[in-house]
Amino acid sequence: MTSSSQKPSLAIGVVGHGFMGKAHALAWRVVDQVFSLPVHPELAVIAGRDKVRARVAATELGFREATDDWRHLVARDDIDVVDICTPVSLHAAIAEAALAAGKHVLCEKPLAMNRAEATALALAASEARRRGKLAMVGYNYRRVPALQLARRFCLDGRIGELRHARARYLQDWLSDADAPWSWRLDVAEAGAGALADLGSHLIDLVHHITGRRLVEVHGSVQTFVDARPAAPGSDNAGNKHVRVTVDDACAFIGRSGDGLLATFEVTRCAIGRKNQLLLELDGTKGSIAFNLERLNELQLYDGSGPSDARGFRTIVVTEPAHPYLSGWWPPGHTLGWDDTFVHQARDFVLAASDGQPCAPDFTDGLYVQAVIEAIQTSAAEGGWQRIDEPARAQERTRHGRDSRRVRSVEAGR
Amino acid sequence: MTSSSQKPSLAIGVVGHGFMGKAHALAWRVVDQVFSLPVHPELAVIAGRDKVRARVAATELGFREATDDWRHLVARDDIDVVDICTPVSLHAAIAEAALAAGKHVLCEKPLAMNRAEATALALAASEARRRGKLAMVGYNYRRVPALQLARRFCLDGRIGELRHARARYLQDWLSDADAPWSWRLDVAEAGAGALADLGSHLIDLVHHITGRRLVEVHGSVQTFVDARPAAPGSDNAGNKHVRVTVDDACAFIGRSGDGLLATFEVTRCAIGRKNQLLLELDGTKGSIAFNLERLNELQLYDGSGPSDARGFRTIVVTEPAHPYLSGWWPPGHTLGWDDTFVHQARDFVLAASDGQPCAPDFTDGLYVQAVIEAIQTSAAEGGWQRIDEPARAQERTRHGRDSRRVRSVEAGR
Amino acid sequence: MTSSSQKPSLAIGVVGHGFMGKAHALAWRVVDQVFSLPVHPELAVIAGRDKVRARVAATELGFREATDDWRHLVARDDIDVVDICTPVSLHAAIAEAALAAGKHVLCEKPLAMNRAEATALALAASEARRRGKLAMVGYNYRRVPALQLARRFCLDGRIGELRHARARYLQDWLSDADAPWSWRLDVAEAGAGALADLGSHLIDLVHHITGRRLVEVHGSVQTFVDARPAAPGSDNAGNKHVRVTVDDACAFIGRSGDGLLATFEVTRCAIGRKNQLLLELDGTKGSIAFNLERLNELQLYDGSGPSDARGFRTIVVTEPAHPYLSGWWPPGHTLGWDDTFVHQARDFVLAASDGQPCAPDFTDGLYVQAVIEAIQTSAAEGGWQRIDEPARAQERTRHGRDSRRVRSVEAGR
Amino acid sequence: MTSSSQKPSLAIGVVGHGFMGKAHALAWRVVDQVFSLPVHPELAVIAGRDKVRARVAATELGFREATDDWRHLVARDDIDVVDICTPVSLHAAIAEAALAAGKHVLCEKPLAMNRAEATALALAASEARRRGKLAMVGYNYRRVPALQLARRFCLDGRIGELRHARARYLQDWLSDADAPWSWRLDVAEAGAGALADLGSHLIDLVHHITGRRLVEVHGSVQTFVDARPAAPGSDNAGNKHVRVTVDDACAFIGRSGDGLLATFEVTRCAIGRKNQLLLELDGTKGSIAFNLERLNELQLYDGSGPSDARGFRTIVVTEPAHPYLSGWWPPGHTLGWDDTFVHQARDFVLAASDGQPCAPDFTDGLYVQAVIEAIQTSAAEGGWQRIDEPARAQERTRHGRDSRRVRSVEAGR
């Protein structure tokens, strides 16, 4: 007997086939097998700057077609979703074109080069929304089951009123002063360094998990190594060293309007820390702690119960009762980093198929951009910087969102 | 431009679509995207006992066709690989038929119901080998990068001569006396309980990683709950309780001929331990420790160097220098439990495409079966039991294997 | 104003001034400052084999007097407590003499060279008990607050009915084949090796914490290094190597009469494990785990409550509600290994001052000896060995003890 | 034979018999037993505000005499050392009087209420130094063996040039809004809250371990609970609530002049964190991490060696090669929090007996005070605050100190 799926399909066009392009492609490929979705995503077209490399990527990653012109991909009628996995400097142009062309858009983080770009994108997304089109930012760590569980505990009042948030994201790939230059170190392509790449995740996560926004920040940025050797084979390979025009590290302190004291640190120079995203939340009744290097675990301290039996418990987040886990394996069979993209793809496909919104939307992306810009101003000029307007804009959005179905929280229920 | 892969393909037929069937299917589906193999595996046919459920599984898991008769699948000319994911009681019949039909065979663990069955299978595999056909047992934990790294350290002499192996595999899904009965608790389908299901992994891993076999064992089995409620909707659902005819837990001590003292414990009743496979190896120069619940980490103690700076180090096994990692993500981006099946599929496809052998073969599977049977005898009759003949048979095999390319070790180099 | 304590004092005579002698001396010295006892222990006399070294020890450790003859110490009227910190071979003679002389006795573990000696001592202690004299064995790990808390959880039914005990004690001071010979490697002085030294602690702890005794055991001993260089300056220093006549390592499996499966492993050759005593107890409702290298922590898994929030919690055992902690510091201010001797001294002094018994008594010590002897028999002859008679003798004792005040449990309440 | 120590003695007078008084008293009592010092400290006099309570304390803690007037204690000819364990507001008066009276002084941390007081004290100490008298601040965490080892690794160049310091000290005793008021919450007695109590330790440790001082800081303080119930039995017990006039929490960022980015956070409201002092140092070659709740462990990442075997190693800091450990137990036998005071007492006695200086001196204490004041200014006024003058004063001192014997580093060698 022949198996024939009668499901409608959703044609995916991915722009970019680097690290993120591959992660997204694998996710689109398996998501329907894992979760049995109502709509089947198809790997339709992949775009890259170079014709030959795009074709190789298409073969390796399983796309039907390749192109060296993202405008061509965006313009095609047979593409439903434009998935943007390029350097940050291209996000705005591609996303605006794709929204204008009536596509659903998934854009890698951070959304834009700066707040102005993000503001324009949020407006475009808001219009597209009226036409039933999604615009989502790829803050994939929202889809770590343990972090989604952290959000559940926060919003359920499990840890009481929040007092402290402690967030840091440490990597070490730039520890070595001879690590080669890349586009991520060029302010013109990346917008900023660790602050934009890693800090954006933290800002988004604290917002998402706690439901609170920062209203003022103070920060400091630092570049430990000013210039780096050009990568072998790169355009700059003739130059001995290329200037680094972004931050290697950034520390900042933020305050919400209602008593939360939040500390942040990001760096690409913490030798030994491969991908350590730590998040701790201390409330009046309990605390939560998370480490991305052990992404299947969530620490919870419950301040109630007998005083001789309290302690941080390590929840192995692989139970059917945990977010996203119903599609996977029996308890104790762990997930990997890239499965967050499978969850992201699932939520995106479900939203696309039923016309519901899906967070983080471009307004959420704009909020992150506003905070980044405030930190940059503080680092340059000193003192606290307020994050006024986006906060006001957001406020309205947030109230609106509270009443709608939030996909990701329900995921694992 | 259209992407068209010119790769030859390898048609996969999977028998069984439960937990293991799904894990294998996902692996076959993405392995070529991750590793860019010379041969492209295709999800051809899936077989199940029930026609309707097999068809649903085919749709969900992405197979072209479904069948309710594994004999039909095995008999087809257009199937290259028979992948056996059924209860243990069916392994021997399917594997023998598939080998006889000239297929490559991947068989889930443990290989067989007992040593006699395994002996016959090892013989059949040995004949198939001469015709260039693979027969591999699905001890997927050999493909955990951290455990492959442990093997590298062992075989490189990094920890010196081995004195202690300490292995345990603890789960808790039978802790609750009301957890429902399943085929895994029926000696006629599963052969044994925790000993076969979990113990087989430990026996295989100690053998694989250390290169040593046990020559005598002593053990004890225990069943904490004698009968369990029939699963809702099962054939037995009329009965109030169904008898448990296998062990819930087993502890055993083993000795190699050359000074290794090895301790083992497996259970399905260690409440709170979701999937804790611990392995510790202590040598004269260093020690290794591993925990499957944190499968991206390997602990290493190096007894050399300044005495004020020694300690167990936690290696985050996600570097390009680590086994299997070259196909994946940058350092610190972790893998999940199911990625071990992707690695298994990779090694299988590579071996199938170049005609090389691939461990663990059916002789390795027979060794595990012989140890299990010795433990069962010891538990029933008391005292030490020797594991004579398979050891001798193995000896020859092992020497033979030493000179051949061992796929898995080279994986990440 | 002058401070003058009106407390009665308790004169302590310690036999032996090695590692254990120093640990006991410090404990006797500070216990009254920590806990404000009704009776003040005084460091009266210390005995050693050599006159000069005993005098130096007295000065360093703060004793009023020194002697090179333990018989002299035992015979003195002004000594209330004889505290035995000698090699095992001397325990019986000193303890019997001290009990006969009407002293309270604290004897280091293991109690005796073998079961016969221990039986005689238990009888002598039982007679002394009638005259109001204490005889206690120095199983100091009973006084680790975290382990006392583990006992509380066990006896309160917090983890339900016990199924698994998993105990191991790993050290590495004999990993190096050139580590020098000492009396601890001489069967004539030590009775046995790792089995007696480390195994005795585990046997006692499982008994103490769970309230259950093993009724049969099976085990295996191993000596990795047969002969070792004589220690520089020792009597044997002329010999190039001295024979090791005890075990380096031992593994055994035990069963209680009522369904507990217990596994044990001890070694002095697990390189990197400095003093790792692990104890895990799995019941029907919860589990406990402990590691002596982190002695201020106890792990507890509580199987009740919402299924999305279960996990092993790390209790930092430094709260007022925890055993023994009321005398110490605010929460989070940790204790050290040697503080277990302070707790032991506290319980001993309190019992001596109010005439109550104090566990572990010599019958508890006899039980441990009986298990050790059964393991040795099993290791020599193979198969399970029953531990019959001491268990019966104990049964009576245990019922008797149940009704009396158990000092250590109340300690921290 | 009678033991009679011919050692000279050092008469200790302790002012204050609360938490710190007890910790110091126990340390003075056992230090000579642990380390066999050339001079024997004697518990001579203890002073408290109340006559009766001082007498009770003398009895419990083993002092010869008690007084309710610290001026009396300071004035006595038979007191060699004045050890100040009072609320911060009394430090300056007692220390100045004691130095003027020619005593050695050990003063609890923080040294003073503010920078002005500390400046005067540093001057007085400097004069006393010329007369051979010690003035040391009780930053006891310098004497944690693991932190002393961290300093060794830093100063030996083991981790290369420093880029990041990450320090935090979290407690939770004020998490509960109903936790009672105490003098520590009164700015007039304590000077500041978590910033002074906990932050001072972090500022001192980063300075001590890295050898670097902060030259500018930016910070934020927060008080989560404005008023608290008076403690039962206190002077304020009539009032329903007493105002809290200090900070509950503080976060700050600091920069050294030479490229170090340091982040700090302290709080008494991080529920579940009992006494978590974390310190992480990332250099160009390696990293270090420490957690006071596991004070016997130090984490070290060594960036050299084969890339497949790098990781943070957990050094169990109990080897003879480790600082302070030679006086204690065999490897793996852990120390407790209070043993840091024994080490402090040891270093103090050795310095007193040979006339050498002993860090942290009052100039070190002044540096901490200057940083605290800069943070307070920043918190009140915003922006970065420089720590100018003390840094200059220190600079001279530091160069002077580099050539002298630094006691604590040599401790464990």
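First chain written, first letter: the chains are A, B, C and D, and each begins at residue 1.
Following the convention adopted for this analysis, a contact is a pair of C-beta atoms (placed from the backbone, for glycine too) under 8 Å apart; a residue touches a chain by one contact, two chains touch by 3 or more.
Everything numeric here is computed off the predicted structure, so don't read it as measured data.
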Any chain in contact with subunit A as well as subunit B: C, D
Reference subunit B; chain at largest CA-centroid distance: D
Chain pair showing more contacts of the two, A-C and C-D: C-D
Between subunit D and subunit A, distance of the C-alpha-averaged centres to the nearest whole Å: 42
Distance from the mean Cα position of subunit C to that of subunit A, given in whole angstrom: 55
Geometric centre distance via CA averages, subunit D-subunit C, whole Å: 35
Where subunit B touches two or more other chains at once, by residue number: 273, 310-312, 316
Partner subunit C, residues of subunit B touching it in the complex: 163-164, 166, 168, 170, 175, 177, 218-220, 222, 224, 249, 251-253, 255, 259, 261, 263, 265, 267, 269-273, 282-287, 301, 303, 310-312, 382-384
Subunit D-touching residues of subunit B, taken from the complex the two chains share: 149, 152-153, 158, 298, 300, 302, 306-316, 319-322
Residues of subunit A defined as touching subunit B within the complex: 1-5, 19, 22-23, 25-26, 29-30, 32-34, 36, 51, 55, 58-67, 171-173, 273-276, 292-296, 316, 318, 328-339
